[in-house]
Each structure stands twice: as structure tokens, then as C-alpha cells.
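Two complexes come next, and they have one chain in common, chain A, joined by chain B in the first and chain C in the second.
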Partner chain A sequence: MKKLRISPPAAALILAVTLFLLSGLLPNGFGSDMSIARAQATNIVRLAVFLGVIAAGQTLVIISGSEGIDLSAGSVVTLTAILAYVMIKGNDSMVLPAIGVVILVGALIGLVNGIGITYLKISPFVMTLGMAGVVKGLIIILNHGNVSGKVAPIMTSIIARPVVFGIPGAILIWVVFGLFMWFLLERTPFGRNLFAIGVNRITSTLSGIHVPRMNLATYSLAGALAGIGGFLLVGNTGVVFISLGDPYLFPSIAAVAVGGTLLSGGKGSYWGTMSGAIVLTLITSLLTTMQMPESVRRMVLGGTLLMLISIYGRQRALRQ
Partner chain B sequence: MTVLLSAQNIVKRYGGVIALSDGNLEVSSGEVVALVGANGSGKSTLSKIINGVVVLDGGQLLLDGVPVQFPSPQAARKMGIATVFQELSLIPQMSIAENIWLTREPLHPTGTVDQKEVTERTKRLLKLFEGTFKTELTPDVSVSSLQPDEKQIIEILKAISVDPRILILDEATASLDSRQVSRLFELVATWKLSGKAIIFVSHRMEEIFRIADTYSVLRNGKTVGSGKIKEVTEKELVNLMIEKASVFTHARQNRAGAKELAQKPVYLTVNALATDVLRGVNLQVRRGELLGLGGLMGQGQRELLRSIFGYIHYHGTINILGKDVHYRHPADAIKDRTAFVPGDRGKEGLLYIRSILENILLPSWKEFGVPTRMKKAHEVAVGVGESLNLKMAGLDEPVSSLSGGNAQKVVIGKWLKRKPQLLLLDDPTKGVDVGTKAEFYKLLANLCDEGKTIIFYSSDDEELVGLCDRILVMHDGNIRTELVDRMITKRNLVAASLGASEEEQHE
Partner chain C sequence: MNRRRWNQLLLRYPFLFALILLSVAILVNAILQPTFFTRESLNNNMRVFLPLMILAVGQAVVILGGGIDISVGGILSIVNTILATQVGLNGSPEKMWIYVGLSLLAGLAAGSLNGFFVSVLRLQPIITTYATSFLFFGIALYILPNPGGGIPQAISGLYRNTTPLGIPLAIYVIVLILLGWYYLRHSRYGRYLYAVGGKAEAAYETGVPVVGIQFSTYVISGLMAAIAGIAMSMLTGSGNADIGSAMTLNSVTAVVIGGTAFSGGVGGIAGPIIGAMTLQMIMNIISFANIDTWWQTFVNALIIVIALALPGLLNLIQGRKK
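Here is the complex of A and B:
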């Protein structure tokens, strides 16, 4: 007796496609016009890229277990976006150095998170929440005299515009990014050990894994990835403001959960997070198209999240 | 004697897997029935059907000759059936008294908990095991601070506190030391007199013969034999359980005596090893030696193995092949080709929700490079699985799908691939079925013949006596007695564990 088992990422993707097709039936939907449908779909995926990249670091810390979470991701995104903006000043040649700086700054903030969690035994929730506050403070200091800067033309043309076959550069970047994340999780000792410490840290230590080092590396990497997220985001918006990254924080956690990664750690995938980011972006944009008020949008988003996670929970119970 | 409970032709399926196809059990009041069988034979399932944890798919349960159904454990408990679970069901954050009386707290007429009564009754229960605890226990002690054996006893007390008519002891002796087991058996004798029926699920032959009146053997979900324990021998019982009687060869051949050992090179020397439990342990192991660690549970055996593996901080010196080492992390010990099989499979040895493959390769990922050569990794894991005769649906299945014995093979398997020179084993056969045990004994013998050094702690005295070249008996963080050559007898081992002075040359 073989049971059909749909993995959570696939389930999320199927949900996204179904919702999208249904949305065509709406009064102001794409109807039977395939070119509009294609443009809408592309746009939604393009918007999902930023949430998806910001949620990459979140995926890693959540997989690492022991209540791993990064609540400083939103602030790090804002900070690195501002840094990139200020450094580049519309100058294409400053793009590469800026990428280096945002990665470094993000990694440094992540490292401090990791040190607090690993050695001072502060819970990840509290540590990263505190860090979010500290980074916020830094942003205000930086922003005090009103930052002046500009994104480089090359960023806008690559990130925000179509590059080949009408596919926006952001999506291509995301695909490469997704491959990198898959490689990291599935084909490196770091990835294998990350799942291991997420399930059981005693077993991991007794099998020779340096758990504290892994923890530091994971939080640093998460910070660096949030930094890249900030860079991409500013390339898309072209402007910076003090709460630029904030709206991405909770969706980044939700995307990880919707993608089937266990919030308790030890199991999950980045392609799940990618599906999760697409679902969440799709629902938000559909509700906006339907001109739903903010209150309804929030309720529907929250409800979807609860529904999906309860379904995953049931699947697990059935398998035991 | 009247039959109190009778389970007839019980069938239980989990999805496509048939856990029980024809399970039968009968127990009368004032009787102990031993429910025996290898891991995966269905004895856990049968006891879970009797206590209402799982619902049967076919067959029937008769209580006092009347058909009954237990849709929930609470229903079974109301009918007077209590269980001591193998996997502990205690809540660590709560005290002993709170755990025992959970949901059944004696109340004041006003509806609030009668704390005085709770304490009083808990004290009475604790008295049953008085003198067998390492430290005296009081009702307000938090369960999280207890040793495994103490937790197990609280579990027993919790079950008996409802004054059941039928008590199921599911591997309840596995983490108890011999003194605690004896006390439990004395209590069982008094419970029998008061008319209770006891279902005793155990892997330990010696205990079964000590305590049971009747037996019922399960094999592959079927009851294949039952009768009076007096009319059966250990060997016959084992034959019933595993079909192939020949694998049950406890004793290891060509063991080294003291003279032979002295000719082998010293592999490991430990000097004045001290932790918060150990008090300056000295020992020496030679290459190819199988050294046993014995003694009552919790005398520092575990800490000794863990310090040698670099898992806990210690004072003193450890020397391997003439070189002083001081490991700060198990990774250092692993580099020197030391392996450690921890005592608690679930908490320390396995990643339950991850695949068998990942568990086997856990210490070895670095060797497969970046990107990980998955094909090679797969081949290695297949090799390990075959060499250990691992029974599984596939390498990608989670470890949680394996039976206890096969899960333990995975814990051992992750080291075998690395060809360790020194193996530290912390009670590796606990809760493992007889068939797997026999395979495991053979593996140990082979490893020693290949010149590997093994330090082996076991809570099963027969194993130590049957396998080891030499046994060190530990007491209170130190080595109390060394048994060599013909001194290695069960009697000597037990005597030394208990601190009795008399030691005989022969049995």
C-alpha cells in the first residue's frame, strides 16, 4: 500500500498555482489573456525574491534548532540597504565594494548574535530581538542628517528590469541563490552538520561536531544573507527609509514555516522557503488587487499560515 | 486460580505493517506472566492494547470473562490496569509527588489539593524502595534532578499508587541496578499475595526465571508458545523467540588470560582521573583487550567513559600508546580513532527524524569533500548496513522507523566505518533483542581479534562475565575490585558490586 505523500514545499507551490489560476476569474483578473497572466505571475515571483532572500538566513537559524530564530533580520536589511545606498551614490564601480561591505556588516552583526547565544547563553529570541533594537539605533544615528545617496544604474537594470526573455534579473539571481542554498544545505559538511545540531546537539557533539562553532557560523551566515537581502531590496526600491526592512521580518519566519521547515529545527529546505515566499507574496498581492482593507489582508494571511501549518502537523502525526 | 485477564487472537495493523497477527495472553490473579519476544515481535503492541494506549483491530479482551474495550488509557486505568512504561512518562519540571498524583491529587472538601496528604502518601510509596537510592529522596524533589534508575522507580511507584488489579511492567528493570531489581521483586511477591496480576515484559532471561510463574512467547506478531515457567528452560525459551538457537552463544571464545594480556602492548593508561563523580581512577588497557566495567548503576562507569572520550571535563592524565593526550572535545578523541557508543540511544546516539544514511555518516561528512560525493557516501552506508545485517526499508528512511536493536546497530555503525582503535561502550545492549545481542557479541569478539581495544560497561552481569578478558568493578567513583582469569564469575561480580568481601575461585 503506497500512500501519496506530498511534501510541504510542493503543497505550498500547488496552493500558489491554484490561487493564481483562481484569481484569473476575479472581475479584474487576467481572465483568458495569457500574456497578462504571464506578466502578473512574473511580477509576483519577482516581488517574492526579496522576501525569499531575506528568509534564507532565517531558514538556516531555524534549522539549527534550540529555538533558533533571527529577529534582527529586518533591521539588518534596513542597515545594509542604507549602507549600500550611501556607498554607491549612483556609481556603478562602487557596486562590488558595497556588496562586500554589506556581507561583512551583516556577518559581523550575526556573529555578535551567535556569541551572545552560544557563550552568554541568551536565548536566540531575546538576543536577536535585542540586536534588532541596537541595529535600529545605529540606523537612526546613520540616518540622522538624512542620508544622501543613490543606487547605481546597473543595479536597477539588473534587479528591477527584465534581462532575458522578459525574465527580471531578480528572478535569475534568486535561482542562482537557491542553487547556492541547496548546495550549502545538501552537499557540504556544514549543511549536514546543521541538520544534525538542529535535531540533537548531544548526539552531534558526541559524533565530533563542534556545536558552538556551528552556531557562530550559522548566525554569521544568516546575518550575511540578510545583508545581501538588503542590497537587493534597495536595488529594487531605489530609495531607503528607516523601516525599509521591517515589513519583511515576520513574513520571513512565516515563509520558512509555510515551506515545511520544522520550527523546532533539524528538518527543512530552502526550496520550501522559496515556495513559502511565493505563496505569501501571492496572497498579499491578490488581496491588494481585490482592494481588501489592510485588516482583512492580515487576517487572511494569518489564517492561511495557521491552516498550512496545521496540515503539516497532521501529516506528521499520521506517519508515526 | 481464576483467569483475570485474557487476550485472545489479537490483531493490530499500523498502516500496511502487521504488528500483531495472533497475540494471546492470559493472566490470573496472584500470578506473574512473562511476555517475551525479540524486538519487533509485538510485545510492546500487545501490552499497549491491554492498557488502552492503542486500539485493537481484531480479537478480543476479556476481563473477568467479560469482553471489554479500552478506547483510552484512562478507560483501562478505571478497570484497574496500570503500566510502568519503558519510555518514561514523567514530567521533568514537576516534583516526585506531583508526578505520582497527577490528575488524582487527594483533595480537601473545598476542592483544593491536600498537600499534607500528598506528601504523606508519597513518603509511604518511597519507603517501598528505601535504601536502594544513592541519595535519599523526598516527595518535593524535582524529577529533572533524578538519575535514570530513580526516575524508573518513581514510574513504578506512580503505577502502583492507583492500586491496580493488573500491573504491566514493560522493561521496568532495564535501568535498575541489581539491588533495586531485588527490591522490586520482593514487592512483586507481596503484590502477588494481595491478588494482583502482573505482566512482566523483559529481555532479561535471568529475571524472567526469577520472577515469572508462566510465560507467553511472541514471534513476528504471533504467540508461539506459553506455559509454566518451571516446565521450560532458558534455551527452549530463546529457541521459541528466535527460531535459530545456535546464535545464542554468550561466551566469547579465545579469551586472553592475565599472562597473555601481559604480553600485549599497553594501549591506554589512565592516571588519577577525577571529575565531580570520579575520585582518581587508575587503569590500563592493552591492545586487543576487552575490558569490562561492572558494578551497581551510577558508580562512575559512565563518567569514566565520557572523560576518556573528551566529553566531560576532568583532572588527571590519559595516555594513549605512550603519548599524553588531553581531549577538550570528542572531535579530538575521534581523531585519535576512539569511538563512543553512548548509553541513551535516543538522546545521545541518534538523530531520530533524520535518515539512516545521515546517522551512519554523521561523524564522517568531511571525508566526502565539497561537494559531498553522495554516491560514495551511499556506498559506504550500504557497506556498513550490510556488515551489521541492518534490517531496514531503505537508507533514506528515518532512524525512528527502526526497532531498538537495529537503531543500536546504526549507533555502532557510524563508528565501524572509521575503523576505531579504541571503543568505549556504555551499556550498548540495553533494551536490545536477543538476536541482535548475539550478533553484537560476535562483533565484539571479532573486533578484539583484530586487535581493537574495547572498554565495555554493561548493566547486564552475564554479558560481562561471558565476554570480558578482565572486569573492573566500580564503586562510588573508584575501582573497587579487579576480576581476572578464573575469578571472572557472576558470583564474584555480584559480590564485588555489592561490596561483599568473599570471593571464590570457582562457581
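Here is the complex of A and C:
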């Protein structure tokens, strides 16, 4: 029997479109009104941007293999969002320095993760979990109950509002960001080496890749990308609180898995993560518009996730 | 003691490092809290520590078998909400024991669900149990949307005051679990478990029933989470669907601090039990040390990271000397 093969990113996108079209038939759906449908679709993709950007770093560490994962992403997002918020104080001219700072802080936290994992041989899951706690502690100290700050008007107008042809700036930023990630993964030595160490670290070392250095670079980069995620997120919400980034942590891993990237490493793409982020955001917002109670919402989300990963998240069979 | 001897000891008793850590924690705690060694305070501490210790045992079995279970907190929550809503504050003790039995069954069922998806369908454990944790927390929230309910005072009193021979009840539970583990460890099942955790493909080639073993680890974890949920309900005496959410990741940290390798196949459950005690002891110390409230989370996390880093640091330093 010949199996029909659809690549996971495409499958996720097809699923998203189908679900969206079906949602139009809901009592409070868009029905046959195309302008409302368009607005809804745009909004869902816009919301997916934040999950998508936060999941970018996650994609990198997961591709790097050896149980790579970044559980500190949620806390890094919160910390960098607060930093940006406090630094900018509603001042357009502080936006660029703030971007520099969030990238630097994110990269620094990622570097600490990388050092612990590479040189102290702590498993990524536990190391990044520990760092998540430390960063959370930092947030509480920094926050001291409340922070004063404000996002800059330019951030709101670029990230949250439509820029051209009614397309919100966030989506345009995401497209550019996606191109950057594609270039990084597919067209640079870093990307090539990343896939190589994800498949097999011993053969990579033998073929001249400096694996420890790659590992450090990957985790630092993941931290920096989470920092960018925090910056974008605060531009959208306009407010900060100490659990701002937490709801994005596990969905960022789920988005990577749904997008067809192997959690064991060595295979995957950022396109996959992008469509994974769109599907997850769509399902979440559909469940919200259907006005289900929180309990049912969680159950349906869990069930859907199980279904999605059952379709193409299966590992190799034991018997070859 | 020379280095090779120490490494051999560590290999043989992976919980040794955790034991040293625990001793330090006990020492510091005893200095900060003069009443630490009184019978009452020991009983109090053990009573509070027990749920996470049991949870860590289940987590350790899954990790030994090469997996991970992110859903244990959800299972714990389900059990807590079942007991709090079905037994109620005015329920009879008989009713309580019936629902304790049902809770254990719920734990087994939840564990089987995880086991089915991970071992039979061969899905990746971390994301699968994350998905089922949504399912389980959803169910718990469905049973009890708002915190409330409870179990009879008599039952929580029983958990609080039962100290046969002056030794806290929690110690008996732990000894029982350790005895059960000792038996399992030295049976064929134990050998299979370590083989599967070490390298599943190789185990499969040599005729180990890999699917069955992996399945069983999740069932054990589900059962342990249910027992932890029962203990937690007796401890708090009330219901809250969110009660397990903070405990899942702590159970993983406890396992790793206890010297059980995250990659599977190395370690045991004594270490994770010690690890769980240490983790909670650190929290005790922080609250007794008069640390500014704003700094507590940070200090706690920092101590944990240092504890995780120490074995690796010692290795690096020894490597330099050589």
C-alpha cells in the first residue's frame, strides 16, 4: 500500500484552514461575511506571532538534540518584557536600546543554560527548569510588587495596529523573522552544524564540529530569541505582570512538535513551528469563542494535542 | 579517600551525593530551628514532605525507564478533587476508604492512558504527558470548578496524629515503598526496566518486552501520583483543582538531585526520595532564615541550581588536577 505523504508543516496548515472554515458555521461564527472572516483570520495569525517567535529558540535547541529543550523561555519572556517596559517609559527613542538590552539579557541567560548543560553535564530539562526558577526570582526582586513604565507609541502602532493593506505589523515582522530563521537554518554553517549535532554528536565531533561551542551558541541564541519574543509581547499587551510569559512555555514546545520537528533532534524546520503556532492559537481562540467553561476547554485542548501528535509525532518503531 | 574510590562509590550508590546534601540541609535547618528534632516537628515535616516524596518515586520509575511524566500533577489534582467533592467534610470514614480505592483506580487508569500513548503508539513522552496533563487538569477542574469541599476532620487527624512507636506515619509509607522497590529491583522486572532505560533498541533485540515495561512505568507513576494525591488531601483537608500544578516539575528536580540520570537506566528511588526531602528542606530553611520575602524565590532557585551543578563542578575540578 502506498502511503500518502504530506509534510507536517503543510498538514498543520491544512488543518488550520479547515478548522477555521468550519468555525464559520458556528452560531457566532463569521457565516458568509467575508470581511469578518478576513478580520478574524488576520487576528488569529497576529496572535500566533508571539507564540511563533517565542517558539523559535525552542526550535533551535530541540533540533540540537541530546534531549535539548528550553524550559526557561517563559521566564525569559517575562523578564525581558518587564525590562523593555521599564526602560522605554513611553519614549520612542529608547526602543532601539531596549531591543539591544533584551537580546543581551536573553542571550546571557541562555549562555548560563549552555554552560551548565555543556560543561557541568546537567540535563537540559533540569538545567533550564532551574534557570526558569532563578529568572522568576529575579523578576520578583525587580518587580517588588509593581513596576512603573510604559510601552512606546511606536511599538503599539507597529506591533498591534495594521500597517499596510490592513495587515498588522506583527505579521510582517513575523514573515521577515521567518525568512531570517530559514536562512539561519538552511543557508549558514551554523544551521548545517546544528542539524549535524542533532543527528549524532560523536560523528559531528569527528567531522570537525566544535560541539561544546555549538551548544553554547544554540542556547545563547535561544535565549536571545526569547528576549525578542518578550519585547514583541509587551508591545502587544502594553502591560506587564510576573506570569506574562508562562502561558507560552509549554505551547512553544507543542508548536515545535506539531510542526513536525523531531523532539529527539536533528530534523525539523521553522516553517513547521510557524504553522504549529498558528494551529495551536487557532484552536485556543476557537475554544474561547465557543464560550466553553475552562475545564472543557482544557480537556479539548489536551485531546486535540494528543490527536495531532498521534498523526505524525510517532517515533521510529522498535522493530526495524 | 582517593578519586577513583569515590567515583566507584557514587556509581554503586547514586544517592550518596543527595545524602550529603540532605545532611547539610538538616544541619542548617536544625541550627535555624532549635525545635527541629522534637518528635512533633519531625512528624510535621515528614507529613508535609510525603506527597512530593511519593510523586518523586513514580517519576523516578518513569525516568529510569527512559521516559518522563509531566502529568503527575494533574493526576494528583483529580484524586484531590474526587475526595474533596465525593466524601465531603461530613462524610463517614467508610465512605472515605471507598473513594480512596476509587482514587487509586483513577490513578491506574490515568497512568494506563499515558502508557498507551507513549509505549504502544510510540509518541514522545514529554509532549504526550503534557497533553494528557491538560486533559487531567481539565477533568479536575470539571469535578471541582472552585476550591472548596473537604474530607472529614477525623481522617486528616488520623494522618496528622498517627505515630506508631513514636515514628511518623510518613516513615512507614516510605519504608514500605522502599521494600517494594527492593523486591522489584532484584526481580526480572527490575533488570528489564534498567535495560529499557539504558537503551530500548538493544533491550528489544535481546528479547525484553520493551512496550510492556514502558507501559508499566507510567502505570506505576499514575498509581504513585494517586497515593500522593490521597496524602495531599489528608494533609490539606480540602480540595483545589490546581493543587498539583506546582508539584510536577518539582518531582523531576527531586529525581535528578537524587542522582537518577535524566537519560534513564541509572539510579534508583532512594535518591529521589532524599532529593524530594532536600528540596522541601531548602524551602523550610529559607522561611526560617528571615530572608526578605522578595528574595525567597530567587534564593531557593539559586540553591537548587548550585546543588544541580555541584557534581559536575567537582568532576571538572578533579579533571583539572589529574
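We take it that the second predicted complex is superposed on the first by the 307 of 320 C-alpha atoms of A that agree within 3 Å, B and C clash if a C-alpha of one lies under 4 Å from a C-alpha of the other, contacts with A are read in each partner's own complex, and residues count from 1 in each chain.
The rule we apply is simple: a contact is a pair of C-beta atoms (placed from the backbone, for glycine too) under 8 Å apart; a residue touches a chain by one contact, two chains touch by 3 or more.
These numbers were taken from a predicted model, which means no experiment stands behind them.
Participant: Mind telling me which of the two, chain B or chain C, contacts the most residues of chain A?
Facilitator: Per-residue touch count on chain A favours C.
Participant: A:Phe183 contacts which: chain B (first), chain C (second), both, neither?
Facilitator: First partner only, chain B.
Participant: Does chain B (first) or chain C (second) touch A:Leu25, or do both, or does neither?
Facilitator: neither
Participant: If we overlay the two complexes on their shared chain A, which of chain B and chain C does A:Asn193 touch? Say first, second, both or neither.
Facilitator: first
Participant: In the superposed arrangement, does A:Leu96 touch chain B (first), chain C (second), both or neither?
Facilitator: Neither partner.
Participant: Touch check for A:His210: first (chain B), second (chain C), both, or neither?
Facilitator: Only chain B; A:His210 stays clear of chain C.
Participant: Pick one for A:Val164: touches chain B only (first), chain C only (second), both, or neither.
Facilitator: In the superposition, A:Val164 contacts neither chain B nor chain C.
Participant: Between chain B (first) and chain C (second), which does A:Ile141 come into contact with in this model arrangement: first, second, both, or neither?
Facilitator: Second partner only.
Participant: Classify the contacts of A:Gly266 with the two partner chains as first (chain B alone), second (chain C alone), both, or neither.
Facilitator: In the superposition, A:Gly266 contacts chain B only.
Participant: Using the superposition on chain A as set up above, list the residues of chain A that contact both chain B and chain C.
Facilitator: none
Participant: Would you tell me which residues of chain B are touching chain A in their complex?
Facilitator: Contact set of chain B toward chain A: 15-16, 309, 311, 329-331, 334, 340, 342, 347-354, 358, 361-363, 365-366, 368, 370-372, 374, 400, 414.
Participant: Can you list the chain A residues touching chain B in their complex?
Facilitator: Counting only chain A, the residues touching chain B are 1, 3, 183, 186-189, 192-193, 195-196, 199-200, 202-210, 262, 266-267, 320.
Participant: Going by the contact rule set out above, which residues of chain A touch chain C in the complex?
Facilitator: Counting only chain A, the residues touching chain C are 67, 69, 71, 116, 119-123, 125-127, 129-134, 136-138, 140-141, 144-145, 250, 253-254, 257, 263-264, 293-303, 305-306, 309-310, 313-319.
Participant: Hey, which residues of chain C end up touching chain A in the complex?
Facilitator: Residues 68, 117, 121-124, 126-128, 130-142, 145, 200-201, 204, 210-211, 249, 252-253, 256, 261-263, 294-302, 304-305, 308-309, 311-313, 315-316.
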